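Structure below; questions to follow.
Here the chain labels run A, B, C, D, E and F in written order, and each chain numbers its own residues starting at 1.
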Amino acid sequence: MSATPAPLHRMQYLPMLRSALSEDLGAAGDLTTDAIVDPATSARADVVARTAGRVAGLDVATATFGLLDDDITVDRNVRDGNDVTARTVLATVRGSARAILTAERVALNLLGRLSGIATATAALVAAVDDQRTQIVPTRKTTPGLRLLERYAVRAGGGMDHRFGLADGVLIKDNHIAVAGGITAAVGRARDRVGHMVNIEVEVDTLEQLEEAVALDIDAVLLDNMDSATLAAAVRRTPERIITEASGGVTSATVRAVAASGVDLISVGWVTHSAPALDVGLDFSPTS
Amino acid sequence: MSATPAPLHRMQYLPMLRSALSEDLGAAGDLTTDAIVDPATSARADVVARTAGRVAGLDVATATFGLLDDDITVDRNVRDGNDVTARTVLATVRGSARAILTAERVALNLLGRLSGIATATAALVAAVDDQRTQIVPTRKTTPGLRLLERYAVRAGGGMDHRFGLADGVLIKDNHIAVAGGITAAVGRARDRVGHMVNIEVEVDTLEQLEEAVALDIDAVLLDNMDSATLAAAVRRTPERIITEASGGVTSATVRAVAASGVDLISVGWVTHSAPALDVGLDFSPTS
Amino acid sequence: MSATPAPLHRMQYLPMLRSALSEDLGAAGDLTTDAIVDPATSARADVVARTAGRVAGLDVATATFGLLDDDITVDRNVRDGNDVTARTVLATVRGSARAILTAERVALNLLGRLSGIATATAALVAAVDDQRTQIVPTRKTTPGLRLLERYAVRAGGGMDHRFGLADGVLIKDNHIAVAGGITAAVGRARDRVGHMVNIEVEVDTLEQLEEAVALDIDAVLLDNMDSATLAAAVRRTPERIITEASGGVTSATVRAVAASGVDLISVGWVTHSAPALDVGLDFSPTS
Amino acid sequence: MSATPAPLHRMQYLPMLRSALSEDLGAAGDLTTDAIVDPATSARADVVARTAGRVAGLDVATATFGLLDDDITVDRNVRDGNDVTARTVLATVRGSARAILTAERVALNLLGRLSGIATATAALVAAVDDQRTQIVPTRKTTPGLRLLERYAVRAGGGMDHRFGLADGVLIKDNHIAVAGGITAAVGRARDRVGHMVNIEVEVDTLEQLEEAVALDIDAVLLDNMDSATLAAAVRRTPERIITEASGGVTSATVRAVAASGVDLISVGWVTHSAPALDVGLDFSPTS
Amino acid sequence: MSATPAPLHRMQYLPMLRSALSEDLGAAGDLTTDAIVDPATSARADVVARTAGRVAGLDVATATFGLLDDDITVDRNVRDGNDVTARTVLATVRGSARAILTAERVALNLLGRLSGIATATAALVAAVDDQRTQIVPTRKTTPGLRLLERYAVRAGGGMDHRFGLADGVLIKDNHIAVAGGITAAVGRARDRVGHMVNIEVEVDTLEQLEEAVALDIDAVLLDNMDSATLAAAVRRTPERIITEASGGVTSATVRAVAASGVDLISVGWVTHSAPALDVGLDFSPTS
Amino acid sequence: MSATPAPLHRMQYLPMLRSALSEDLGAAGDLTTDAIVDPATSARADVVARTAGRVAGLDVATATFGLLDDDITVDRNVRDGNDVTARTVLATVRGSARAILTAERVALNLLGRLSGIATATAALVAAVDDQRTQIVPTRKTTPGLRLLERYAVRAGGGMDHRFGLADGVLIKDNHIAVAGGITAAVGRARDRVGHMVNIEVEVDTLEQLEEAVALDIDAVLLDNMDSATLAAAVRRTPERIITEASGGVTSATVRAVAASGVDLISVGWVTHSAPALDVGLDFSPTS
C-alpha cells in the first residue's frame, strides 16, 4: 500500500535543513570527523530502515548531505509513501566520507521523525480502509516543522486539514464564549471572510450541533463525543456539511469512531507523539 | 521530586518562538479570531496540565503570548522541573483575548512537547534514583529544538551530554572504520583537539574496549551490550574513564542496565519519541 | 463612509518596516540629519493628507518613527478605513526631531501607497454600493507587501480573496490545458485537497461554464466576458456556486459589470496600479 | 530608442525574489498546481507584453522560475531598456510545467511593475529629448524594491539621484528650520561630511536661492516653483551648481519645466504611482 | 582633546550585537556562569581603560549587557571621542550578575577594538593638528564591522571617506587598465552616475595627474608618491579638486606627508591593523 | 614550516561572506566598476603576498569572487598554513573582470586579516618550537569572525581552546567572587555540567593554585604570574591537570614563559591586535 504526496520544492525546506545542520555543527564544526577523516576520503552509505514502516522525508533528509558537498549522489530505492520491511535499503549515498559522517545525524533525525508520523498515520488509515472516513491531521505539530509533518501525514495516506490560522475558520469553544454563542460567532465570521474560506464549528453537544447546522457553515467538528452521540450527530448533520470527529482517537478506537459515519477523524498524536521510525546508516569507506 | 535547570536567556529562544508563531499565523493571520474577537476584549486563561507529569518549558511557552501583546501578564504557580498532578493550573495568563487565542496553539505545542520529554526523563531518573547512574540525552533531537529539548531533559533530572558535533569528540564505528582502528582514530583526535575537549570512544565488544581504555581517552560508549557484557566492561574500565551505556534502554530495562555500574545511560527516545504531555488552556473572557 | 479592518499584529509588519528603514538608511545612516540636527532636539510633526481619500496604514506607517526612538508618541485623529478631506491632520507625532526626520520618507511612502489602494478600492465599492456585488483583490500585489496591500483593500471596503497559492484552489486555463479539461482538473484537485479548501474554476465561455458548474466546485471565475455573456453566465450558475467577474474592470465599467448579478468583481489594478495618495509631514522643532 | 542600465548582480536581488516567492507560496505551497500538474510535465511559456512599453526587469523576473527548478531555461528576445510593441514575446521559458505555473504570478508582478516604471520614465525622457534636462527619480519608492525601481528608471532613460539617506546630503526645509537657516545648515553639513559627499539644498524662493548659492554647495533643489520663477532661479544659479526642479511634474508639464533650463527634473510618481505594464504568459504543455 | 561623532541609532548595531553574543553563547549558553551564578544575584561592574587612549564604542559595547537583561543600567562617565588616562572608569554597569558575566567578553572585544581604532586615528590627527590636512579611512575594514569602525575613526577625529562601493566613484589603476586610459574611464563614469556622486581618480605619476585634472573630476588620489612628487602633485592640482595621499603612511611619516599640502591622507592600517585598547571589567557582587 | 588545519565547510562561511560583500556593495552596487567595465570583459588576477608571512583564509577569501559570478575559476599555488615569501603569487583568479574588481576588497580584507593572525601565531609557535608548550588562542576575537580567526590560529600552528562560552567551563576570578571561593565554584560546576565538559580554573596565586589542584579539575589557568611563580606553579600542579599561562605574552617573552614548563600559553593579541598581512591583486584584462 502506498500514498504519493506531491513533492515539495527544495526552496520550501532547504533553509530549515541549513538551520538544522548549523544547530548540530555549532560554530566549531564536527571536531571528531575533522580530526579523523581526510577530506579526500570517499565513502558509500546505505540509508536503512531498521524496522518496518511507511517512508516519508527521503528526499528532504538526503538533501542534507548535499549541503556539505556538491558532489554527493543519492540513489533512492523507494519513494515517500512506500511501505518497507525491516532492513530495507531506502537509498544509497555516495561521496565525501567527511560530508556523509557530518550530516548523518541531521538526515536520520528528519527521516526517522517523518517516517514515524507516516507510519502512525498509515496504520490509522489502514484500519478504516473499508470505510469512507478519512484521517486528517491537526495544528498540534512541532514548531518549525509543520510543512514537513503535514507532508508526512499525506505520505501516510491522510488527507489535509487547514495548515494554520490563516487557512480556514475553525470556531472553537473559546471563540463561541467571546462571541456569546454559535450563531453570533458564525455571523461575524461569515461577514468578514472571503469566499474561498470555509467555516467549521466545534460542537460538544447535540444541542450545539442543532444550532450550528442551521447556519451557513461548511463543516462541523464533533469534539470528544461517545460513539452513540457521534452517530446521532452524523445523522442530524445535513449532507452538505462535512463532519469531523476529534478527541483521543487511537488505533484501537478508530474503527469504532469511523463506524459513526463521520467524514473525517482528526488525530493530533500522529504529529506530536508518534515514535520515530528507527533508521540508520550503513557506512563503508571506498577510498 | 524536582530538578531546576538554569533558566535560559530570552534571546536564546525568542527567534524560534517568533518563527513558530509566524508558521501558524501564515501571511493572513488568525482569520477566526480576527473576525470574531474584538481587539478590546480581555480574558483570563489558565494553563492546565490535563494529566500528571514533569513540567518543562513554562517560561518559554508562555512568552509566546507576549509576542502578540506587550500587556499580557503571566503568573506561574509552578516552575520547570516540578512534578504536577492532573488538572494542576500551571500558570494564569491575563490580557488581550485576541492575543491569547491566537498564540494558544503554539504555546501549548511547545509546553506539551517539552513537558513530555521531561516526564519521560524523570521516569527513567526515578527508576535509577538509588544508584549512581545518571541519565543523559543524545543528539537524536528535533531539528531546530535541540536547545529546548536538552533543557527539558535537565528539567527531567537528566545530566547533559555534548550538545552537538563541536562539543566533544565521540569516535563512532564509522570513524574507526575510516581511521583503520581505534588506536589510530584516537591518536589523530588527540593530536588535533584542544585541551578542553574530551574524547569518548564507542566500542561494541570487550576486545575493542581493551584497545580503547589503553589510550588517553575520557569516556567510553558501551553500545548495545547485554547485561553481562556490560558489567564486565564496567569492571575492565579504569576509574578515570567514564562509562556510558546506550542502545534501546527503556523504562523497563533501565534498572538492569544501571545495575552494571555504568556512570551514564544515554537514551535517544526521550527526545525523539516521548509522547507529549497533555496540556490545555481554560479560557474565560473578562470584559 | 468607512470600513474597519481587523488591526494587524505588530509582529506581522515590524520586520518589513525594519527592512524598509534599513534600505533608506543604508550603511552610513542619514548624513543630512546626523550632521545638522542635535540628538537632543525635539519636534512635533503632523501627518497630513494633501488630498482627499480613504486612509489605510496609519498604525503601520507611524510605527516607523518608534523604530528609531522609544520615546516617540503618536496621537491619531482618524482610523484606517476613514474617509478624509484634503488637509486633514491624520496624526501627530512628537519626540526626537532626528528620529522624525530620518523616518519620514519611509513612513510617508507606506502611508501614501496603502491609502492610495484604499482610496481606489473605496471608489469601486461606492460605485456598486446599492448592489449585492462585492469588490475583491487579486494576487497582483507588490512583492513583499501583499499582507499590507490586502489590508488596504479591506480598509477600502473590499472583501478578501485567497491570499496566495496555498489558500484555495483556483484552476486557470493553463491548469486546464495540462489536465486535459475542466472535469479532469477539478477531479484531481478534489481528490487531493482537504475539506477546508475551496475550488474555483476560471472559464472563458458559456460552454466551459456548463462543464464547470456540473462539478463539485465552490466558485467560478468568469474571465473577460462581455456584459451579455456575463449576465447569461450568472443565470446559468446555480445559487450554491459563487460567481466572480474579472478582466479590466474600471471605475467606469464596474456598475455595468455588477448589473450582471455577479457576486464578486476582482480588480488587480487597485493593488498594482493605483496612484499613491498624497501625504506629507508638517514639521516644527519644539526645543 | 533604448537605454541600457548596467546589469545587476544576482546576489543583489535573489533574496528579494525568494521572499516574494515565499510570500505567494505560503507554507503549504501551490495547492492547485501540486494537485493537478504532474512533476514530470514539461512546458513552454512565452512572456508577452500585452501593451506597448519600455521593458525593465526581464532578467530579474525570469530568474523566479529558476528558483523552483534548476533546469529551467530562459531565452530572451529583448533586453531591459528596449521599447516593445504590444504582443511582443519578450522571452521564452522552457522546463518544468509545475515550476512555470507556480512562479508565474511573482515573475509577472515584478516585470509589470518595473516595466511600468520604465515606460513612464521613458515618456518623460522622450518629451525633453531635445533639451539638456535629465529626468531623475526620488526616494518615493516602494519599501523593499528601491534597488529595482531605480534600475527601472535607468532602463527608462533616467539618470540617478542619491539612493538613500546615506548617499548625499539633501538639506530640506525641515533641516533648515532646525538649524535656524540655510547658512547654518550648510555649514554644519560641510564640517561633518567627507569629500565624496555632495550637498544639495532645497529652496522655495529666490531669496532662499540667493542665500544658498553663496555657499559651498553642489546642487540646488528648486521646489514647486512656477515657470517664471524657475527660469529666474536657473539664471541666478552659477554654472558650477546643478539645478533640480521638483514638484508635481507630469508628462503634460515636463517640457515647460525643462524650458527653464534646469539640469534635472525629479519625479516621484514614476516610482510610486506609475501603472504597471500589462504582461502575461502564453503557456503550452510540451510533454 | 576630543571629537564627538553623531550617535548611531540602536537599530544600526543591535543585530550585529545579537550575532556577536550568539557567536559566544553558542547553542548551549554560558556553561560556567549558568552553573555557578544564581539568577537572582546582582552585581556592579566598572568598565575600565587599563591603558590611556581615545574612547569609542562605549554605547554600543555596553548595550550588550541589556540584550541579556532588561533591567541592566549603565552610567557613563565619558563619551565616545574623549581621551582617557589609564585606570579611568568609563562606565558602571549594574544589574544581574549573570547577565554581566555572560556578556562581558563581547562588550570588551568591541570596546577594545573600536577604542584602539580611535586611539590610532587620534594620534595621526594630533600629529597634523596644526595643518589643514585631514585623516580619512579606507575600505580596509573588518568584514561586518565597517559601520562601527568608521564611527571609531570619526571618534578619533578623522573625517569620512566613501563608505563603500556605492558611495562615490573611485577610479583605480585596474579600472583605468580596463577602460584604456584615464580619460576614457572618467568619461564613462561621468555619463553614468548621478549628480550627487563624486568622482575621484587614482594616479601614480605626474603624467597621469596631468591627464586627470584636465577632466571633470572632484578628487585625485595620489598613490604611493614620495614627498617631492607629492608636493609637486599638490601644486599642479587646481584648487577645486581635492587631493588625497595614500600609501603606507604611519605616525612617523604623517607630518612629512601633510607638509606637501594635501587635503586628505588616507590610512588603511587604523582599521585593519591598529592594536586594540586594553579595557577590562572590575566586577563585584552586590547581593 | 607549515600547519594544515582541517578545511572548513563552505556553509560555515558563505553567509558571512555574503554579508561582507553586501556591506561593501551597499544598495546601489559598485558605481565605479558598473560604469566603466563592460560585463563581457574577462580578466586574470594574481593574488599576491606583498610581504612574507603565513597564509590563512585563501579558500575563504577567493570564494568571494564566485559569489558574483558562477564562472570564476581559482587556481591555488599554496595552501592555508604555508609560509610564503614576499611577492609570492598565492592564487590566480580568472573570469569576469567586473566580478573580480567588485569583490577584490572584501577578498583581500579577509585574506590579509587571517594571514596576519596566522603569521603572528606562527612566530610564537616557532619561538617555542623546541619545547612542549603549545600556543592557544582566547575568546578575544573579532565579533562575527571567531570561526575564521580560530582557523587562522590553527593555520599558524596554534592549538585550540574552547570556542565560546558553551564549550567548556572556565572559572574566572569573578565567578569565584560570586561563588565565595574556588572550592564552591568548582563544586557547583562539577554538579551541573556533563561528562564531556572540562573544567579549568583561573588562579592568581600559589595559594589559589593549591586550593584548585586539590579539586576535580582538568586545567588551571595561571594568570599574569612572573616567571618564578609560574615555574613554581607548574611544579606544584599534578601531571593530570593541564597548565595554561596567560597575560601579556609577546614574541619577546614567550620563550621565557615556556621555560616554566607550562603546557599551554594563551595569547589574546594574535586575534585582536595582530597587524594584517599585506596582500594585493595584480590584475590584467584578458578580453
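Things to note:
Following the convention adopted for this analysis, a residue touches a chain if its C-beta (ideal position, glycine included) is under 8 Å from a C-beta of that chain, and two chains touch if they have at least 3 such contacts.
Small disclaimer: the values here were computed from a predicted structure and weren't measured.
Contacts with chain D and chain E are shared by A, B, C, F. Interface comparison, A-C against A-D: more C-beta pairs in contact at A-C. Distance from the chain C centre to the chain F centre is 52 Å, each centre being the mean of its Cα atoms.
Taking each chain's centre as the mean of its C-alpha atoms, chain B lies 44 Å from chain E. Multi-chain contact residues of chain C, defined as those touching 2 or more other chains: 6, 23, 25-29, 34-35, 102, 146, 160, 163-164, 166-168, 192-193, 197.
Contact topology of the protein chains: fully connected, every pair of chains touching.
Across the interface of their complex, chain E is touched by residues 16-17, 19-20, 23-37, 41, 43, 97, 101-102, 104-106, 108-110, 112-113, 116, 139-146, 163-172, 174-175, 177-179, 185, 188-189, 191-193, 197, 269, 272-276, 281, 283-285 of chain F.
Across the complex, chain A meets chain F through its residues 18, 21-22, 25-29, 34-35, 39, 67-68, 99, 102. Contact residues of chain F toward chain A in the complex are 6-9, 11-12, 146-147, 150, 160, 163-164, 166-167. Chain E contributes residues 23, 26-27 to its touches with chain A in the complex. Across the interface of their complex, chain C is touched by residues 6, 136, 159-163, 166-168, 192-198, 200, 218-219, 242, 244, 263-264 of chain A.
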